[in-house]
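Chains: A, B, C, D, E and F, in written order; residue numbering restarts at 1 for each.
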């Protein structure tokens, strides 16, 4: 798959349309409630699709391997990112930790787009990767908070009531993704048949509409983005490349096959902009949302969507050969 | 009509449950929440973003006695800067004073 | 159909997922505008599906019987509920009347879920039951208001302008349901063909998404619910069982067949939480919404969805044998 | 700039049309409606619920003369308790006084 | 096609249901965010459908002719309307110019409904008409603003920052329609296949839901409408008839065939209520939105939907014979 | 607590970007935007209409010094009638005065 193949897919074209509209200062806008509704639909559909596949093909030892790899990556990837940002980008401890948590975690939409492009490319990944996606969302948050030594500062008066672990593991997107995955496994092919037209038939079309909005949001954030510097932008491109290559290599080493390894790379290279920012706003209010959302949403996400994914697929094909 | 204090706090959505608890602890247990769309302050612009909810803000409005308002403001003051809050106080008149603390 | 069959259907599983997420205090939430849009879609789809079936099979004398039975149930069921709540739950006149109106009326989503489960179970109900659903929404409101003797108190300054009957019969959900039913009848199989992918193809999938939200709403209301006591909760389970059995028996006596009788029981046993609360807030502002919404939405609705419906179907099968 | 009264009423959505008529009858015919998300009062918590609209509330805001404000408040007073209303009055300055009654 | 054929189509019936509900003062309402989301979906789907057809059949010289005709109509139609409204309806310069701009521009939903009715009638129009729709949105705005001599008044402090041309050509609906058209052309049949269930399969059903809302909005505006007089209402019916006939005649003269000519007439006869009002509110704040939205949305739109479209089709069939 | 001015402007959505620039030019660069649902004034009723956005309105809220408020109001005054704006000013108290101009 070349970058050009990716760039002529409707999903990617709609993202570019949104970004261009925003750069040209068009007043095009998707209502927030609709965007949120679409994102809930996407997580539900991704969960069901994955669960249905696992129900169909059964769990395999490779699934356990891949999940362990995902958890490990999510826990460990924030460490090098943190030290890099401290040393090379001169970020303070809190901001570096917050950004690192985003890069250890994953982006659901990058995953969905990557899966589609892999399928289009004739290299589908295993269905259990939805479970890997789900388990990779949160460990990075724990590492990030430990790095910020959130504990040291003492509990302030606006600290979350249930404790941070609660906020982390019961984040809406984690619950919906895992819950739908389990429902898909429980209901199985037969039980899911009546709802397939929604979770499967509409998936790619609604992903286009959602990516139109992501294009608008990412470009507007880039334009507002006083928090970004040339240096942080460069890191927001460098980090996913390195992490993505690492993910692909790990997948290949574990014998997951080229499609699944590419998708593990896509996950490793992606950065969160739904689950992690919500927890960071709560846990590290002093960290600058303009910085972490700017890097993950306005730079890394578009990079992955257009160039990153084809690049990770390319690596997976070379390594797998 | 009796005089009461109108206290308004603009706060990030994720911090809202904690603010409600803090208010209750300061004796302010009745409130109304109003939505906000966007704004600009010392830390740049923001827009409501329901995607993660991370950058959305809400206006917390409480009508209360001067004493309770002072207690509330005092507890909130050290957090204003670190948590990017906007706190406003003004006078307001209400009927049925006892309902407002 | 056993309760377990019902409990492994995706619609019910999504309801449980929502309820669990709310109990665990996850921040998962469906935007209000999306939930409202989904409920409009469901009413439109239910109306069209019913109208299409009547257009296809023609009106039958049984349809007249079933509609008369539905109107009668909706008018009369609030009476025993009212006296029970006055005597045994010690509610004041206004609150007892408001709650009684909810139980005489019906729940559109319980109806939709029941229809799906019946179809799954190989016992489909007649299409005209949509018309029965529509005519059962409002008579109970009239009985409830008469019980509260709303008239006695004199017209207060905030009383509805057009009179209460206006608010009752032109409630948005009643208008949309009946209107779509008529459009379905007018357009017929041929006219509906181009829009079938929406009103039929998406129905079950979007019902799942809606039930996820209903689970969140019901559980959060139960947790907020200062208005509920052990006694009112017990009644919110007892009333639907008795009413549901009554509805099934009446349907069987009228010779409506087991599927249709079961659905009449489901309607009789369900309680409104869309049309009736809106009218009550207007007509009986002194009644406590925490009480009537708590009972109908937070207790009766989940009960019917998980245990009630299989129970009414079971009765219908026994009686019909 | 001239002084006027700012009257705010938090009211259940289903009751809004009737409130607008009552205001008009009291000489308050210009107003703005602002949304509310939720709150807590003597009768417990509420959240906006568009499903039935039964538990949603709206903020009615009118700027008017003291006389019209007083007439409005007087008519509303007997309904405050039975209908769970919150009524606030305060001073505000406007340009183009005649536009505000 | 007779008016009765049109009036028994579900799309039109849902419009009437909405209008009746509003006239009867029902509280039925579609949340604004959902309505906006639906309108974005419709523009995206219309663009993709048109682009796909052009990709499939290739561009033709007729496409060039039709686009030139559309641009010409949009530029010139506001002139007679302006002078008519000045002379016969005694509107002031600004209001007459604002209304004229609306009638020179087009209505996306009238276009969509007209296309459906033509297809139903066995007289489908060419796919490139979507491009004609897109290019007709804006020229009328330029003529309208020139007529109002917006420039003369000097730049006031709240004038748009980027200049009016910017607001005109980068209006969200124009960008989305043209962008989706281009994406449809770029992706082609093959690329669009995975998203066809959304942009094609759901189109007619979601158009019904949207028209329900349009019925509510149009009727409520008519009831609020203090700005409308018997005279302006009469013009809001007369203008589309004349313009529509002119459009059909021009299409026939250019040899576009009856279906395509009818659709050019539908475009010419329709009036904007999405793109133009937004620009007018900005460019001519003194003009009365009650007047221009009242005429275009509350009178002309319902007229076209029920009587106008069948009438333009009838003319096209007579002229084409 | 120090005294500041609370300036509120109800404005048509399409005009908002221009208002933000005008405010900035008058020295008012921090603000919050609040949604509005509908209302009635000299020119009849309006409801929020996201379809074209043409008839929706937004409440612009800025807390600022009396001097900046006066400069802002002065620039806005000639536009109030032609652009159907509603402008309100009142007193409000804030902590951290320097943050509010």
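Criterion: a contact is a pair of C-beta atoms (placed from the backbone, for glycine too) under 8 Å apart; a residue touches a chain by one contact, two chains touch by 3 or more.
Chains and their UniProt names: A, C, E = Sodium-dependent bicarbonate transport family permease; B, D, F = Nitrogen regulatory protein P-II.
Being a predicted model, the structure only gives us computed values, none of them experimental.
Q: Based on CA centres, what chain would you say lies at the far end from chain E?
A: Most remote chain from chain E, centroid-wise, comes out as B.
Q: Where the centre means the average of the CA atoms, what chain is farthest from chain D?
A: Using the mean of the C-alpha atoms as each chain's centre, the farthest one from chain D is A.
Q: CA centre of chain A versus CA centre of chain D: separation in Å?
A: Roughly 45 Å, centre to centre.
Q: For chain C versus chain E, what separation do you get between their C-alpha means, in angstrom?
A: Whole-Å distance between the two chain centres: 40.
Q: Suppose each chain is reduced to the average of its Cα coordinates; what separation in Å results between chain E and chain F?
A: 34
Q: Which chain B residues sit where two or more other chains touch them?
A: Chain B, residues with two or more chain partners: 14, 34-35, 50, 53, 90.
Q: What parts of chain C, by residue number, touch at least two of the other chains?
A: 27, 31-34, 36-37, 197, 201-202, 278
Q: What residues on chain C touch chain D, complex-wise?
A: Residues of chain C touching chain D: 32-33, 35-36, 39, 156-161, 217, 220, 224, 226-227, 273-275, 277-282, 285-286, 288-290, 293.
Q: What part of chain D is in contact with chain C in the complex they form?
A: The touching residues are 12, 14-15, 17-19, 21-22, 43-45, 47-55, 75-76, 78-79, 82-84.
Q: Within the complex, which stretch of chain B touches chain D?
A: Per the stated touch rule, the residues are 1, 6, 20, 29-35, 58, 63, 90-96, 99.
Q: Per the contact definition, I'd like the list of chain C residues that touch chain A in the complex.
A: Residues in contact with chain A: 8-10, 13-14, 17, 20-21, 24-34, 37, 116, 120, 197, 201-202, 204-206, 208-209, 212.
Q: Report the residues of chain D in contact with chain B in the complex, numbered from low to high.
A: By the definition above, chain D touches chain B via 10, 34-42, 57, 59, 73, 77, 80-81, 86-90.
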